[in-house]
């Protein structure tokens, strides 16, 4: 029934994902995915209460079956609705340990949450994005990166290998699907995001954490670009961040 | 008398610079700099006719005295007006030749137009940006890069060395002036821009040239970011561009 | 009995791995690992016939149990011998397909062969490298990269995500274990290697394929560097390669 | 008369340049260039006393006339001798200052010493390298880079813009002259070199400075590579360096 296009945001907790959902919900119906419904229920309720349309589906982004099951529901519910945007924002797989203390399972968790999750998300969303029509902006697939997407630091081998792999995926998809009309982007978040989990982290300077609402503005900006002028990669950091 | 903040755009022809001036003129008075008044007069007239405020100053961006002279006029005219944004968009110094056919003058012209021009522009604008107050967005200094900012191709040694040097300058300034409250960005334009000079260039696919209005939207987006969430580098290209 | 230090080369076919084994066998006993004994038997026989010491162990580098089993044999045989060098040269996981035709298994195979294989190899070799003493050169761990380590091309998402992840691992290990005395390097092979499998591939220019013996010389050069002056990354390509 | 090929090393003080001269003098006659003869006289004397052939020419690498004058002498003296290798190792143009305290002259000095100097050196040596024949190794042109070649830090805008520009030049030349048979390389020295000027600088760990003799070994290794397998870029740093 919804004649509005829809957007899917994967990886929605009370931080960046919620802000992206809120922002994209101003134009689209949104489907939000996260393992724990407690993570997405507040933003789903908030959007619906404000007159928007939001649905949450409990999904483990590192688990193929779970992603597949979520997309069965999505394709049923949105059979005749064009997919305008898909955002992969998984924060999973973050393990920080001396290398020789890592188990194989811990090491691989970085890849599973990031690149394998991103693979499954892209495989389910790209066919929908490619066939979407009548959209106000080109269909868009955005991946969230991190400092560890471009730098492998000591004790970050698990997360960095997952994030590097996700960036490789994003580059490959941008080069394959750009000419087919899907805008693929990769945003590098370089710093601590100001979310409930980091509230207690204090810094010498004020405003030293990234604002998730501002991150969402940048995702929307990338989405709104015409196909003549697409951004692939944007790095975001607080003004006082060392880099 | 102008209570609006102002912006300075250096390197304004009938392409990207004009689009950036047009965009920033919606919020600010604008000063546009270019060597040849024929390049900026149309956009100055257009902005003023539309109720905006624009001034053009004939300036050779590769010439220190010329830049200094332009900023004397600017600082007199805008003595009590905060500088909100400064954009360095020089297209000069583009020489493409087999290396052994380059004269030293030709080789150095890439640097002079880009990095030395950028140096002088930054030295004149950063003090104004730092002291600006009461602005709606953090004061911003944006440099225009190109494919040659990150890749030195055969026969591009002059332009690439100028663009690499400009990128080094942008990185250094972002790291020095970010913590002091000035947002410094570098935008990599990777492709042919759709301007009068390239009108006759045809491509296999439609929409294969960058739209200068869309580039201007991205510059404004960077400018409008809060200091918690600043983008340093964004690469822009048409959907069919090989990269 | 062997008083010579030893080296382990993982990923030994009739190409780069064999050349590296041959080169390192001039100074050390070598253990070579590959899935198929047919791949390493010729070089093992050649080294032993020439008066060197070589052992081959059939190992699947993408399989944890197989790697563990190989290292049980190795640690028994070389219990009192210092490990001088370890080279991870897996060529596995190369799948080239349009993204939407990839199965998850195919996508993950790039990671399994490269980064998970590299993880297991590093976990088994780093403790041996760290405790090695009396070596002529600092103990060294070298990973073989490819063009796909730094560029995710269309249809290369599987291999590129594996190679990007391996590079992240190499960077992380270099930063963690460098200060502990183990030299970690990553070599980017950018081009076609001149091996039996590529014999029929012809190019416009002669000498257009990488020589595996020359690659081995570069690996040895990295190994022989003193700890004051360690190379992390070196890119190798034929003189006519486009890049 | 000299039937040995020759090499030119530009930028020879009592550090890296001297070590490179010493290393290449084992195979070739060497010509060393530096502004101050006190900088090259000791190594020239040392090489000649040891049975090698070395000549020093006082040259200001940031001054075109001075470079031209040096090459007039060189082309006369070595008219019938093939040029095997040329190394550009200028350490000039290092200014470290807050950006707004830099004079234009100081800013430009980074470029003049590095990229303009490198341009003039390349223009004089490439014709000689291209026509060289009967060499044991492919003719080679190597540029010395630094941390500032790939990172523009705060207060390093002058040096970084010069080093970025030099790297752009090296990339352009590698792509243009590689297929013509000249091996062009760029070595990134990331750390403090152990030379007389840095003798007093102490670090927490021993061996924390780069050994110029080891740097010279890496330059020679690059020179000795066959054209099938050329390295373009190698980064060298002490084992304890943060990066």
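Side notes on the structure shown:
Going in written order, the chains are labelled A, B, C and D, and every chain counts its residues from 1.
Basically, a residue touches a chain if its C-beta (ideal position, glycine included) is under 8 Å from a C-beta of that chain, and two chains touch if they have at least 3 such contacts.
Just so it is clear, the model here is predicted, and its values are computed rather than measured.
Of all chains, C has its CA centroid at the greatest distance from the CA centroid of subunit B.
Inter-chain spacing, taken between the CA centroids of subunit C and subunit D, is 31 Å. With centres taken as mean Cα positions, subunit C sits 46 Å from subunit B.
Distance between subunit A and subunit C, defined via averaged C-alpha coordinates, is recorded as 34 Å.
Looking at subunit C, one finds that residues 175 touch two or more other chains.
Contacts between chains, counted with the stated touch criterion, involve the pairs A-B, A-C, B-D, C-D.
Interface residues of subunit A, counted against subunit B in their complex, comprise 138, 175, 178-179, 181, 183, 194, 205, 207-211, 214-215, 217-218, 221, 224-241, 243. Those residues of subunit A whose C-beta lies close enough to touch subunit C in the complex are 64, 98-100, 102, 104, 107-108, 111, 115-116, 119-120, 122-123, 126-127, 148, 151-157, 160-173, 175-177.
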